[in-house]
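In this document, chain identifiers A, B, C and D correspond to the written order of the chains, with residue numbering beginning at 1 in each.
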Amino acid sequence: MTEDLIAAAREAMSRAYAPYSGFAVGAAVRADNGKIYSGCNVENSAYPEGLCAEAAAIAAMVNAGAQKIDEVCVMGRGDSLVTPCGGCRQKIREFAAGSTAIHVCGPEGIRRTTTLDELLPLSFGPENLK
Amino acid sequence: MTEDLIAAAREAMSRAYAPYSGFAVGAAVRADNGKIYSGCNVENSAYPEGLCAEAAAIAAMVNAGAQKIDEVCVMGRGDSLVTPCGGCRQKIREFAAGSTAIHVCGPEGIRRTTTLDELLPLSFGPENLK
Amino acid sequence: MTEDLIAAAREAMSRAYAPYSGFAVGAAVRADNGKIYSGCNVENSAYPEGLCAEAAAIAAMVNAGAQKIDEVCVMGRGDSLVTPCGGCRQKIREFAAGSTAIHVCGPEGIRRTTTLDELLPLSFGPENLK
Amino acid sequence: MTEDLIAAAREAMSRAYAPYSGFAVGAAVRADNGKIYSGCNVENSAYPEGLCAEAAAIAAMVNAGAQKIDEVCVMGRGDSLVTPCGGCRQKIREFAAGSTAIHVCGPEGIRRTTTLDELLPLSFGPENLK
């Protein structure tokens, strides 16, 4: 099953629109409905208006009617671990539990599996606004 | 055909995750492959990390392998016109021509049809970075 | 007076942190208290987490206790007009009237003076949320 | 010295423009030049176009010519810890070392002192783009 998630992230990575950074990223989430939603980064000439791959995958999930993430896969190239940026960790936070698995992948597969709690400890969240 | 686009935006609007603003928005784009891609807004407890509906629709398009927008529909409720925010106009700009039609809709249908050039004149774009 | 605004934008431009785009931008706003607040772009390795110069200038204004913009100057290099991106037009919108002057500048001075209404017609704004 | 940082964040918090969330946040950073720069959140009716307090403080620092953060203070109200959101952790990451102290404060003072490494482990950063 996680293999399907990785494959979805890999395919998304191949669709990245990253003419400015040249850094393609793909992401996929498995929702609590069992389905997989994917996304790639979508850059913009006004850099802050760009979109990360994880945000795209989450948006696809929500637009399909699901609002709970059970598993995440993020894939990028290079020797360094391509973990979700802080902004994406926050976006995942809105729809996932602390124990949700996040697979940090290279094109060849999983390099490290971690959790949301490990990547975004002491998180800011909906509770703060109540 | 534009009716399909409007219907897609309406369905997307019904999936919006907007617990903070209570303001649901749906968007749909028709790509140059003839297909329609839609998205809804996806808010976040850290407000700047939220996503507009147009961004979600564009991300779906790019993730499907298309990179050219031929027509846009944005839908929201209320008496005021729910036009794309400036950020979304910029996001559309990256993938559309100035003459691209943008339909500003309420739940009942089109309220006004405009173009990217009308909504984002004298735009900043990829040319600026060359 | 506008000369002071331009000078402030020029100085801000010299402080830009733009290692990724190499595209330095400076901005300055004159608030209704008569004071000038400036900012430069602050990029981030996670591109969407970067900040435009206009956003920085507005943040400086608000942090000083002012919430009304009377005049804006944006400065960048290159042959093309460096107008505010759509996101920045939206940010200006929150604190300015439609008639607010926006000076689009190159390092040598004003290239074009326009207004918020011209740059962001039919804008989305606080009224939409009521 | 940290008291000055906390006082700056408190004053910034009082200037927050947060009409949508009603959640005021103040932040202050001490740069390696020994000076303190502060900022408050600046919301926008198009929520994703808003700005967090930490981003504003960093922008003030960069606009003053400094590019290295030595200490951070974030302040908000409520019973929960108001830690930086993921996006702000990423923004701090661009200008700080992993060991940089981050003070999470309530109006009464420090509630918890942590570090960037603790808040954003396994971070994405400039190295990934090389």
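The rule is simple: contacts are C-beta pairs under 8 Å (C-beta built on N, C-alpha and C of every residue); 3 or more make two chains touch, one makes a residue touch a chain.
Note that this is a predicted model, so its numbers are computed, not measured.
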Far-end chain from chain B, centres as C-alpha averages: D
Distance between chain centroids, defined by C-alpha means - chain B, chain D (Å): 32
Approximate Å spacing (C-alpha centroids) for the pair chain B, chain C: 24
Centroid distance [mean C-alpha coordinates] between chain B and chain A, Å: 22
Sequence positions of chain A contacting 2 or more other chains: 20-21, 43, 45-46, 49, 51, 55, 85-88, 90-91, 93, 124, 128-129
Touch-based graph of the chains, sorted into line, ring, star, complete or other: complete
Residue numbers on chain C that touch chain B, as the complex places them: 21, 23, 76, 78, 80-91, 93, 104, 112, 114, 118-124, 127-130
Residue numbers on chain D that touch chain B, as the complex places them: 20-21, 43, 45-52, 55, 85-88
Complex contacts: residues of chain D adjacent to chain C: 12, 15-17, 19-20, 38-40, 42-46, 49, 51, 55-56, 58-60, 62-65, 67, 87, 90-91, 94, 124-126, 128-129
